[in-house]
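What follows is a pair of complexes built around subunit A, which joins subunit B in one and subunit C in the other.
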Partner chain A sequence: MYIYRSTIVTLAMIMLPVLGGMWTLQAGILNISQEGAMLMAAFFAVLGSYLFSSFWMGLLFAILASLVVNLIYAFFCVTLRANIWVIGMALNILASSLTILLLKSIFGVKGSFTSEKIQQIPIVHLGNLGPLNGIFNDFSLIVWITVALILFFKYMDSRTVFGLHLKAAGKNWKTLDTAGISSSKIKYESILINAVLVGISGAYLSIGYLKLFNKDMSAGRGWIAVAAVIFGNGNFAWTLIVTITFGFVDALGISLQSSGLNSNLTLMFPYLAIIIALIYQGVKSTSKNED
Partner chain B sequence: MRKFLVLFSIAALMMGIAPTALAATHLRVALVIAGELGDKSFYDSSYQGLLQAEHDLGVYGKVLPCKTDPANYMPQMIAASSNFDLVIVVGYELIDTLKQIAPEFPKVDYVYIDDIVKAGQITSITFKQNESSFMAGALAAMITERKNFPMVNSQKVIGFVGGEDYSVIRDFLTGYVQGAHYIDPSVKVLTGFVGGWDDPATAKEVALDQFHHGADVIFQVAGGSGLGVIDAAKQAGFWAIGVDSPQGYLAPKHILTSVVKNVGNAVYDMIKARLDGTYKRSTIYTYGISNNGVGLSYSSEMLKNVPADIFRKLIQLRTDIITGKIKVKSYFDRK
Partner chain C sequence: MKERYKGTFIIMVSFFLSLIVGGFLMMFYHVSPIDGYKEILEGALGNKYLVYSTLSRMIPILLTGLSIAISFNAGIWNIGAEGQLYLAAFGVAALGVTFHGIPSVLYLVLGVTTGLAIGGLWAWIPGYLRVKYNVNEVVMTIMLNSVAVYFTLYMTNGPFRTSQGALGATDVIDKSMWFNHINPLSNLNTGVYVAIVAVAVVVYLMLFSKRGYEWKVSRLNPRFALYGGVNVKGNMLLAMIISGMLAGLAGTLLVMGDYHRFLNGISPGYSWTGMILAMMVNYDPIGVIITSFVYAVMASGGLRLELELNVPQELVQIIFVLSVVFVTAGYAVANRVANRIQEEG
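Then we have the complex of A and B:
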């Protein structure tokens, strides 16, 4: 039973960057800077929450930090048409070092920071639900925000003009421009939406699930999100399925450790799952091309 | 290589690191660290030892931090070697540089801390973390068996969360398991590894999973990730055991004690031995419980959280380990 809760928690940390990344991918930009934006957001969430003793300020700071990273990414990749890998990697490395520098100059500590003044994002208690307690109760507010956002984006994706514009910007931006709609604007919008989502996920990591900042604490979650986005290739259902699978496999790996399985084996589970998924997809697309 | 070294040393000399103004009678001690001071752990502890030696023994000491930048390793090591009599090296990142440098400065004595470096005149200091972990395991077992103790359930299960799975961490685990089984062989020890030193979120997951499998005392040896275990202890309500430095202040009501390495003691002893003339080159000095190299931190939090009878039992175990009545197994023994 606990594995269910563990899966939800793991999912909450990667689902929002996946949603945002899928959004930008539909507009034709693979967002590589997720890891860096998430880390920056995690740091600024702690800073905001610490300074004002309010998790709302933490969330706001996190979203603003993520916006800055994403705007830089958008400026280089959309306006200047730079190579996404170069800019993405630069931002990720920058975020890793910058947060350590800020940690030292603002809080005067190295490595990690925690304080009683940090206010955590609250946990939602729905009252006594009887047998459903374990399924719905006592999750972080962010978990519910994530669920709401998934539904909202599903609606946006399939039912709105904006969703169509987004796909047009990705598939054939010239057509969109000819129709009198700026494809650059659509791309910027998609990246800004992504920024908000990644900001929230970074805040969840540092002041939602935990109550501390540790250097490099995003620990590859941004990259996992990028992998899920590449696999989903803009398809809503597939992207969600691969993300949920990843979350479950990750939780399963941790749980199996307690049952005595070797950690070297269990810790590879999630990454193994991603590789298998990508191989499957690669084989499928090559055979389709041959037809 | 030699040419390089000479150039480097000239550069180092010109930078004025040589403490020429000092009387020749002072022993000059350099502490070369791979990172920087301020880690509240290893480096700071070794610096304390140096400070104390300066104060008590009148030696001249200097810290040369490399800031974890490989470009600094060689210059700092050369600066230390060409200007000091005794060079104490902390940080595994410096091992290769140390091996290259030591033969070039035959007059200088080198001490490497926390691993065995077999090269030239280098003397190594190792710590028996298995002994202190044995005490932690015994403590955890006694707590988990106790009835009506806060945050303790009826199951005899304790946990261990490591950062990465390698020899030194396994040595912690070996002692911990033996200590727990010494108290009661039926105590079950759950083992988990995070897979990184900077991933508190996963560490919290691992700890909570162990908690849901019945663990009510969890020992973390996981660096920055370990903070996630302490966070989990506060949230879910179980006991944690800290590591390296006294971590009780992080969660005074949820941390029993911390397993500490007194690097400072070792540094001080080496300087003192060098002054007394008892220092030996190419030797391995081992610091265990008997010479206060490792142990539990008897902080005010521990005295508050641990019942007096368990405390007395721990003191008894400590004596038994020192007198050799209890032989603590080491992961390094099994070859």
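Then we have the complex of A and C:
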């Protein structure tokens, strides 16, 4: 049960950027500014929640921050057709130094900020469910939002015209343009949807279970989401499977920690899992091509 | 040659623009830009010792910058310099605390070789996977970064934990492995000569050798390169390994020259800074040398800026990231205009 619950907590942090990233990948853009957007969102969630003592404002600030980062990314990658790695890395590094700078200038602290005035995102208590308590009860609101969004996106992905346009923009944008639908617009839309999702996950990072912002607190989670997106290659089911596996390995690591294994070693597990998954995928697809 | 002037022009204008933005940002802290930049220059170059400090700050940035430049230039994206740096630095320190009584000259050579080997090997893994199985090297190197950093954290908290007080560090390495400080007031040390040799080799390879030309062609037009008989994959892998060796050397010199031990936070993100610089000058090694000097000056001065005028030193990094953004935009716009002229003409 412990592993189950901590899997869910980890998943809630990376599932949304994975969903958003898959969305933009389908539209033909690998979004690698996730880490930076997430970090900015985490900071602004703390700021919004601190200023207004309301987690809603925290969420709003987070989403706006993520929107700004993603809009810059979209402008460079879609409109200017710049190299995604250059601009993505620049934004990630910018987010890291900008949040430290803001931390110093707004709160006057180095490295970490917490306050009683910050309101946390509430935990949903569903009343007494008896044996199902451990499975459904007392998760953060974000967990439920995530579940709802997964279902919504599954529907969008396979049943709507927008889902089709998205794939067309990724696979063959010229055809889409010829059909009178602007592929750039579709790409922008996908990146903006991604921005909202990443914003929510950033808020969850800083005001979900905690009430603090730490410098570089996204700690590679955005990258893990990117890895899952690359692994899934636009396929909904595969992307979800690899993400869930990752969450499970992470939780497993944390629980092994309590049985005495060094925490720095168990922290390596999820990264090793991704490495193995990527190698497996690479070897498999290469041998398939050779047949 | 004209292309090159255009590039230089875009870079200069972009940097100037970001300095102006940086000046505006300083005004938020009630500091006049002129005072701010003056303080930066004085803080970095005000006297002989400050110049030494600035130069010693420049070395790891220069080496990681070249590390990024050589791989990006060849079209393989080594984002893993940080991990290569950490692992090499730790490996060298582990060597240095374990063995004693080796003659100094031999030990120095051994130390540098070990660092180069570890850095190169840690880069070879993602490089090999990329050319052989087409595994995305960016994600792979980032994952390997985390693995390397957690591994060294584990080692410094476990088997190699120091008994000499400090937390999160190894013991001090054997004295015969030290690159001695040139001046007691700064970290500048004799390791700088090794760095100079490495820089010369890289500049030669990238600008004056056949290999350097092949790298560039492979990135700009892989099909043409293949047609011309270039071993694109082999070249990529080689660039990746050299890139790892340079990052490893940066870590090695930090251990053998600056700190004489491995520390957990041994690199405050040198490779990310190096990446910004390399991207800013479009992977030109001479450009990296110049920008890493400018960056070192501004970073050294940035410390003073924070102490004296209360402007956070992160401002400096932000100025450089903005430069990259402006340069990218500049190239995109320039290419567009060029294309349009071609289409119309």
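Keep this in mind: the second predicted complex is superposed on the first by the 286 of 291 C-alpha atoms of A that agree within 3 Å, B and C clash if a C-alpha of one lies under 4 Å from a C-alpha of the other, contacts with A are read in each partner's own complex, and residues count from 1 in each chain.
Basically, a residue touches a chain if its C-beta (ideal position, glycine included) is under 8 Å from a C-beta of that chain, and two chains touch if they have at least 3 such contacts.
Predicted model, so just to flag it, every value in this text is computed and none were measured.
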Given the alignment on subunit A, is it a clash or a fit between subunit B and subunit C? clash
Let me test your reading of the model: by the given contact rule, A:Asn214 touches which partner, first (subunit B), second (subunit C), both or neither? first
With the two complexes superposed on chain A, say which partner A:Asn264 touches: subunit B (first), subunit C (second), both, or neither. both
Just subunit B (first), just subunit C (second), both, or neither: which does A:Ile274 touch? second
Using the touch definition from the top, say if A:Tyr188 reaches subunit B (first), subunit C (second), both or neither. neither
Between subunit B (first) and subunit C (second), which, if any, makes contact with A:Ser255: first, second, both or neither? first
First (subunit B), second (subunit C), both or neither: which does A:Thr10 touch? first
For A:Phe61, decide between first (touching subunit B), second (touching subunit C), both and neither. neither
Using the superposition on chain A described above, determine whether A:Leu94 touches subunit B (first), subunit C (second), both, or neither. second
Of subunit B and subunit C, the chain that contacts the larger number of subunit A residues: C
Looking at the overlay, which bit of subunit B runs into subunit C, 25-33, 97-105 or 313-321? 97-105
Do any residues of subunit A touch both subunit B and subunit C, and if so, which are they? 264, 267
In their shared complex, at which residues does subunit B touch subunit A? 36, 38-39, 162, 165, 190-193, 195-196, 198-202, 204-206, 208-210, 212-213, 224-225, 227-228, 231, 250
Within the complex, subunit C is touched by subunit A residues 32, 72, 76, 80-83, 85-87, 89-90, 93-94, 96-98, 100-101, 104-105, 220, 223, 226-227, 230, 262, 264-265, 267-268, 271-272, 274-275, 278-279, 281-283, 285-286
Which bits of subunit C are touching subunit A when the two form their complex? 28-29, 77, 79, 129, 132-136, 138-140, 142-147, 150-151, 153-154, 157-158, 269, 272, 275-276, 279, 312, 314-315, 317-318, 321-322, 324-325, 328-329, 331-333, 336
Flag every residue of subunit A that touches subunit B in the complex, lowest number first. 2, 6, 9-10, 13, 109-112, 114, 205, 209-212, 214-217, 219, 251, 254-255, 257-258, 260, 263-264, 267
